[in-house]
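Below, subunit A partners subunit B and then partners subunit C, in two separate complexes.
Moving on to the complex of A and B:
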């Protein structure tokens, strides 16, 4: 099957800045694909390369096998939900949603009927006559969604779609987007810096770092088997262990990742240490433990000690307490030497 | 007070505290001078003007009769007076339209594409003409447009002399030379008021987020469609603001048509001569009310058209 979107060694440079640097990417049709990364990692630029608002400096972007090199945004069968929603303030909600059809020359009656259908799809029946300024953030987001879907795109692009919503609404919209994608069966590509969002919604995740794709995989692959130190640290902020430390922890002499929640407090485990800090997270408490007798700092980049997640309900040792740590041998995930 | 955390520090602090507790008093104090200026000096004199326009002049003694009458307004409808109004309004409309068409691309470029140094060049380019004397500019234009001026010379130089003559031979707007025709008056008005159109347009275009233009393209719109359906409606408040300047400034000006153009009167000139040599203050006042009335009608229409909806 032809992939919905394909990047072939795509680079986008802004002067000396390599915003996107030789990215290869394949997005299968019908998938919910997340581009995850910190700001400035190139994920948004990649999205704009698909929508056509950026042109690659080199390489090729293909949509359903067709090279998009000479195709301007208005001729691409993809639509975008913008980060700021970009609703037209001078039009009411119905005209906003019907805009894509108006541009195509669909007559007023049919396009308005279609717009109402789209509005009911996003559960905004009866809001057609309002102006965007009269809606809440969540409602505006739905209008943006309906407007992008009215042209029946084969690929829907979402730029930080939930970034501006509060936590509760964000969670509700995550479920809704997911079920909408499954119902419509079209490809969703969304950009986010929120790893929880990427893991919970996407079928596949591409983790971006400094213009390059650090890893592509299913959410569980990304989380459980991070390919690089960056992925391990960015997704779920794992303990990234330097080779000497891994060795001391009973693994091979290589970089490794050890999830904070995989570590248990026991009496007499593999490593002993002192609690240097605690952070209450609600669903648990995150401890910083400084292990004695280790060759060098325990973690790679930041030597804050070893992070341990104590689940809610379990006894939380006080700062300064001596603790012993243990984990299943399989939890120590050895990574390639990548950055 | 001996409270160590918030020691009192003198009368200035006490005054600040006083105002802090009564924010309305401070607002009132700040607003009083401008309100007095606006209310007494500005609105007051306007009201006096309006009052004068309802008086009439005694045809024999030439004295103002301070009795309410609509006779003076009736005089505006006399063909010779009404022609002045039509001429002025037509000129103001033409200048406004031309300024909008000419100014839009400039404003659009400045708002969307000019960055850093280019932005400074833009502002300088727009503002620089405003730094020199209005009279100097108008007289300079008279020389430029004169029969012996650079335009005639250049037109003949490139063999377009006949074209220029053909344009000048046009009825009504043509004339002996550019500097004695309505075309000349129009060009000078356009030159002098153009910055007042560009600046508000640019400000309103700058407020249109790029993502909105991208959204339009993303939904399949061509650039032309985006301009028509998104950019223009959103820039309309700026266009209207600019047109208020160009329209009302042209309506009221009495210098430019006096120096450049045919010797026929515009409203401003009529007011000037009526209140001066003729001493007919009521008719001058009635003439002066015309631009105000036209602007009120204009703003009402603009508002009905939704020009201020996107504000």
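Moving on to the complex of A and C:
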């Protein structure tokens, strides 16, 4: 099957800045694909390479096998839900949604009927006559979604679609976007810096770092078997262990990742340490444990501390308490490279 | 600080004095359009009459300058609308080396004394061997009309934001459709206001016109010539009222148009 979107060694440089650097990507048709990374990692530029607002410095972007080359945005069968929604303030909601049909020359009656259909798809029946300024943030987001879907794109691009919403609404919209994508069966590509959002919504996730793709995989592959130190740390803030620490923890002499929730507090474990801090998270408590007699501190942001997640209900040791840590051997994930 | 506190008496008097200083001369000009004395302006006027309106209507030497002024104002503000909008579109969206310098150069003609603009245009026309005509007056006026339109348009362009234009292209619109359906409706009132201000400025311009007009005279120039002659003086005042109305109404309309746009900035029209 032809992939919906294909990047073949795509680079986009702005002067000396390599915003996107030799990226290869394959996005299967009908999938919900997340581009995850911190700001400045190149994920948004990749999205704009698909929509056509950026042109590659080198390499090829293909949409359903067709090389996009210099094809302008208005001739691509992809539509975008913009981060700030970019609704037209002088038009009412119905005209906003019907805009894509209007510029194609569809007559007023059919395009308005179609716009009403799209509004009911996003549960905004009866809002057609309002101006965007009269809507809440969540409603504007739905209008932007309806407007992008009215042209029946083969690929829908979403740029940080939930970034401007509050937590409760964001969770509701996550479920709604997911079920919408399954119902419509079209390919969704969305950009986010929120790893929870990427893991919970996407079928496949590409983790971006400094213009390059660090790893592509299913959410569970990304979470459980991070390919690099960056992925392990960025996705779910794992304990990243330096080779000598891994060795001391019973693994080979290589970089490894150990998830805080995979560590148990036991009476006689593999490693002993002292609790140096606790942070209550609601669903559990995160402990910082300084392990004694280690050859060197684990790298990264966990300078010398091991993060341990104590599930809710279990006894939480006080700061200063001596604890022993244990984990299943399989939980110690050795990473392929040291990057 | 209380907003309802009364200002001191001295300040109130000063404000009234300032307003009188600014506007009393205009009132006097209106008053002398109705005087019965036609050789000198004596105060108080010996009697009041409306006959000068009829006299002015029948004076054939008034009509050509009036037509010329209207034509020049319409043409130069029209030219300014096209060029000023294009210039604003380029400056608002592009980022290039020397952008700030060019932005200053565009706005400079309005800061430049009219006499400099007039002299330089006159010598340019002489070098280029261009005969004086309506066209040369229009060119002279367009130098400052473009600035007015540009200033109005560039502020609105900035507020329009890039993502709305991208959304339009993303939904399949070509550049013309984006201009017609997204840019123009959002720019409309700013352009109308800029155009009206430009029209008003052009209509009563004297200095640049004297350098670029040749034998023709616009209405303000006609008035200037008329003041030195002692014949039928109140006719000049009648024409002054016409000039006042022709310039004041567009400025008032422009003021309300731009004010309304700010109030509904997020909500469209």
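Convention: the second predicted complex is superposed on the first by the 333 of 339 C-alpha atoms of A that agree within 3 Å, B and C clash if a C-alpha of one lies under 4 Å from a C-alpha of the other, contacts with A are read in each partner's own complex, and residues count from 1 in each chain.
Methods note: a contact is a pair of C-beta atoms (placed from the backbone, for glycine too) under 8 Å apart; a residue touches a chain by one contact, two chains touch by 3 or more.
Not measured: the values here are computed from a predicted model.
Visitor: With the two structures overlaid on subunit A, would subunit B and subunit C clash, or do they fit side by side?
Guide: Superposition check on subunit A flags a clash between subunit B and subunit C.
Visitor: Could you look at A:134 and tell me whether it touches subunit B, subunit C, both or neither (first, second, both, neither)?
Guide: A:134 contacts subunit C only, not subunit B.
Visitor: Could you tell me if A:82 is touching subunit B, subunit C, both of them or neither one (first, second, both, neither)?
Guide: In the superposition, A:82 touches subunit B and subunit C alike.
Visitor: By the touch definition at the top of the document, which applies to A:152: first (subunit B), second (subunit C), both, or neither?
Guide: neither
Visitor: Tell me which partner A:103 touches in the superposition: subunit B (first), subunit C (second), both or neither.
Guide: So A:103 meets both subunit B and subunit C here.
Visitor: If you lay the two complexes on top of each other, which residues of subunit A touch subunit B in one and subunit C in the other?
Guide: 51, 53, 72-75, 79-80, 82-84, 86-90, 99-100, 102-104, 147-148, 151
Visitor: Under the definition above, what is the set of subunit C residues touching subunit A in their complex?
Guide: Per the touch definition, subunit C meets subunit A at residues 161, 163-164, 166-174, 177, 181-182, 185-186, 266-269.
Visitor: Show me the residue ranges of subunit B that touch subunit A in the complex, using the header's touch definition.
Guide: Contact set of subunit B toward subunit A: 209, 211-212, 214-222, 225, 229-230, 233-234, 306, 309-310.
Visitor: For the complex, give me every residue of subunit A touching subunit B.
Guide: Those residues of subunit A that touch subunit B are 51-53, 72-75, 78-80, 82-84, 86-90, 99-100, 102-104, 147-148, 151.
Visitor: Touching subunit C in the complex: which residues of subunit A?
Guide: 51, 53, 72-75, 79-80, 82-84, 86-91, 99-100, 102-104, 131-134, 147-148, 151
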